[in-house]
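Each of the next two complexes has chain A plus one more chain, namely chain B in the first and chain C in the second.
After this line comes the complex of A and B, so read on.
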């Protein structure tokens, strides 16, 4: 039976209790460091930080409702090639799923990394996190965020990021250890579950008190997931109604300035060099004029719809719905809604669930001789 | 059906099979409609999805990808990879109202000139039924 331990919360609150947990974890001789969000400044953005000295964990805050980037790309950097040492990384469920996708593409490795998954209630996009923070101290604001969620919802008109509102995977899959926030009473204790043999060994060695099992987490998770699925389906229906033709798609994307931030921010856009940044798209002046003459006018910059459709062909089977594309867009183009809607189709088309299993090969890396006969036209 | 509408088709055809078949169809003077532009590829496995997307955004009403029959690909499995890519494209493009019949994959061997001519004729008929793709007049593409 897998271990479930208990992180006791005392008068100093859940953030300090979690810092204590990670300090103790870092004392394990098999670990050289832990990557987790740290408030490096009082009012700034908490950023993923690789901490090797336990005393530097006193501004760590895995409860912060900030999500400045999907850390899968960072963990990919930290694990591409052996160091001979092992680290732990604290990630949201969508970050783990994106990382698993990168591992399948040999852009990361699980060999020397322990994945610690946080149950995730959702987060703000960058602009709203700043607004939410106001002039409060970061860690205090995080505690208030979780308190208001367990008291029926966010106050003051604040809403989670669009991606989080429709995310049906609020609990981690494929982690070595899971920090169970759903259903937990952050005034008393947080359960930690070992979910792999490696996690079991580490957690067992920490000597934490055991947590007696109850179904509070399962219940909270089921209720949250049901709400999310409903919101997701409604969102996809809306997007479909707004993008039923190429013309409508072009209108949906009409604010796009081809900055390609959404591609840079996307953890599963895997190409080393994006074709849209190469000479192929260095058009000549006379080409623009020729294209304009053909139709009478030409929207500039060109190739916007082409870019987005090509990106969908690359990343949609792997899209984990993290919403970093929308978080990075300077023009409020509702990209995560669009990409998730298309991803739902392509993922269903290949029966593929990104990030949930290392054994499921990315659809375009494999083929079978006897499949998809209906995709081939035959003469009647 | 709109008989006046002349659909434009871009066909990415494999050098080893369908291209030869198209040639054969031509030299045997089979009746073929002039709506197709052939792009000779070394294998259907080389047809990048963005070629198809670009074609449709640039005025093609339909895209044909045609290669060797299963088991006959000169690079062993290019045609199987093409099949997955076409499936992917159909899933994406149909979200935006691009009918699955507009992106078509067929296997036509080198000796099948007649089959090639029939494939093209069928495709043209289907596209006449579907009408022009709305990208033709759109400045925003």
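After this line comes the complex of A and C, so read on.
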């Protein structure tokens, strides 16, 4: 699968060029639609939109540095059950990884979906995207975002979302096609790589000019990944130091109000009904009073640390670090930093890399007789 | 929710009351929310103790009961039944343990009393969340399957058949009899193995209630106690059992020679073969890996010779399905291959034999016609018998194989008897273990026959000047010894069959650390397993001699018969249940279920428990992050309430513990 095509950028800029690419893709008879971010309003948030008519792609903008939600959950809804038709979805690397995790849990299927992965330089969280956008028109702002990134970084004190600053996976894994932004000159052309047989068939049929191979993307990617890994390790060290004891952890999470927004935003938290919504946590008035009496006072709401601990137990092995939890927190709890730090340990413990391969079964779904011998050796 | 809970604290004589202040625990329980009555009594399990509970339920209208006494393993059923007699659903009783978990393991009296209070409070909080549950009764199919037709399987099958129940006896070899069919004499009585086992084998063949399936292996078992569906694969024999008269003409015409497994590699058999002239059934089998007709399409000598036309090269393996109420596993053992123990030279020196090979040398229909001869054709002038080869050895098997001491003594006697008293016999042993009926007497007898016993495991066997030299230490004399002999017999360990793991998986049972199948209880449940309706017989559970294997097999047969005779079995209601409104259909629980009790409903996109097959192990509930899968009687609300009670600091509790529980509760 070596097919690399080029999306030629003319005077109208990269967003329009990409629109052209997707319009052409949508003309393929095997595809019924394409899901990608669209500026539905001039100043609003670009939202994932399932487009079936090519003329509706006029405001599509896969370059927008906005990340209002992880679209894995949406693609899960679009693929839970066969439609008999095929669609393409444009996703960030972390969205694809989250979707792969959901597919492993029977919450979606790759059968009828073509994954188009975008190289991802990162995005703003919701508040900062709005600030960044200001009065500008969405698509113009997107172009400026990418221009400033290639000219030495974001200006005006803007920073990427905390999750993106420490993301070591800025390029897609497991996609059918990859749009290679890293190292690309957005003034001339964007390379598109077919990375599966299905992707190759589709891309080949589009009749785009071939891109001659060079190592610009690899170099840019390596440099970016190195920076990210460094930032990630520093972040984890700092979070570990701040959460070493149960008391420190309680302080770290002290702003939590049990709104469960992080859970709703989490792409791999896949339960239909969360255990925290069940009668297990429906405490009686006399219980609250009893607990308060036990130690003279009771912080309310209760079960906040327990909630986060439970979520770590349930899904830290599947955490892809997309950061939507932090994006959704109304009280500024640094959820993604905590989860990534814990996930690094649990994922290493099971030698598990979430979302990178369909063949790697989620750790708690398989029983391996010989694992953790050092832990259980005293029983032998 | 207002409850009327009765709490009953048992003294268990001084077992509990010796450490725990039982009246104080009862007083404390009386002050807990929803507790209507609390009492302490010397022996709650006694009739007056149970009557106390029954009376309170009836007169005070208790709707929940907590009994604090011994382990639920001991008396949960007792108190459940007492509640049921009083008209209270037995699952509205919580039995908590203040003996094994408290008084027996807590030296300090104050601490033990506090601990007992915690345990009781946890039970009181938990029982408030209990729900009524009802067991179901299902019918038991009358037929029984016995897997393995060695002496244990034969005994079990005959016992069951005698009662009038039909037995399906499955044997993977071409004929029945197992290892016993290979033996010559049996210790300590020295009656010949064939003389005592052949009548049993014939009885199996003639018993109308036994359906004998030789050359057959079990492939799949599904269902549950009383209702098992077993799929067997009947391997193609290429000889029709219904036509073959067992005349044996074919055996002579076959041109292909293969090393004989039955003769432990000491001689050859043909590609069409049977283990011995007395084999049951006497129908031969064709070895499809070696038969020229089956491998190359050329030959057919046996077919031409067969007077009845019983040879059929077109036969195929076929699957058959049986429905049985229970299964007795009698899959036997293997002897350890001593080749890896290079120090003893097996496989390198021709005159080093395994015990089973030596049995064949002694057997009248064996390779030497029952004469103890070396490969040269001469009788040995001296023999060394090395005990505990691979047994009682940390590098191989830690356990004792239980039979070697005795058969070694038998060999001692046979050598003296057959070769002559001039033949020197040396036993290298660790301990002589002659514990059975008549065994010690036999040991005496053999000692009197002039056999030499050297205490100490030999270091090695070497070959020098055409002799084998056993090098070791006589630990009683404290001297190194080098004993030159003509022949060495290795008493190799009995070990679990190499396919035990697969068999265990097929039948849903467990293996012990030694690899043998695990019984339900080492003392009180030696034939039952963790799977109801699957019983063990003979050496598949652990090394046994013939009397023990036979007794064990009769025990397994009795268990299977008890089930079949009653005709119904009660299914515990403490199974898992998946809430269809919450299940998201991730299918993970299906893969985790060790009993294949979960199915996927494609239409509703949810997992569904088959309650008849579910054992309530909780693997599904343990994973299910939403709590859609929960085990009844161990629901999250129940367990959380119990934990809450456990963590509730009592007013006079030790300070550090209180801090810990507060921090956790705050979280």
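Structural remarks
In the analysis below, the second predicted complex is superposed on the first by the 375 of 380 C-alpha atoms of A that agree within 3 Å, B and C clash if a C-alpha of one lies under 4 Å from a C-alpha of the other, contacts with A are read in each partner's own complex, and residues count from 1 in each chain.
Criterion: a contact is a pair of C-beta atoms (placed from the backbone, for glycine too) under 8 Å apart; a residue touches a chain by one contact, two chains touch by 3 or more.
What you see is a predicted model; the values in this text were computed from it and never measured.
When the two structures are aligned on the shared chain, A:306 is found in touch with chain B and with chain C.
In the superposition on chain A, A:275 makes contact with both chain B and chain C. When the two complexes are overlaid on their common chain A, residue A:298 makes contact with chain B and with chain C alike. By the touch criterion stated above, A:247 is placed in contact with chain B and with chain C alike.
Look at A:375: by the touch rule set out above, it reaches chain B but stays clear of chain C. In the superposition on chain A, A:363 contacts chain B only, with no contact to chain C.
Once chain A of one complex is fitted onto chain A of the other, the partner contacts of A:106 are limited to chain C, with no touch recorded for chain B.
Chain A uses residues 246-247, 250, 275, 295, 298-299, 304-306, 309, 364, 367, 380 to touch chain B in one structure and chain C in the other. Those residues of chain C that touch chain A in the shared complex are 33, 513, 581-588, 591-592, 605, 623, 625-628, 636-637, 640, 644, 648-649, 662-667.
Of all the residues in chain A, the ones that touch chain C in their complex are 80-81, 105-107, 246-247, 250, 270-275, 278-280, 286-287, 290-291, 294-295, 298-299, 302-306, 309, 314-315, 362, 364-367, 380.
Partner chain A is touched in their complex by these residues of chain B: 49-50, 53-54, 57, 70-71, 77, 80-81, 83-98, 104-107, 115, 118-119, 122, 133-135, 137-141.
Of all residues in chain A, those touching chain B in their complex are 240, 243-251, 254, 275, 295-299, 304-306, 309-310, 312-313, 316-317, 341-342, 345-346, 348-350, 363-364, 367-369, 371-372, 375-380.
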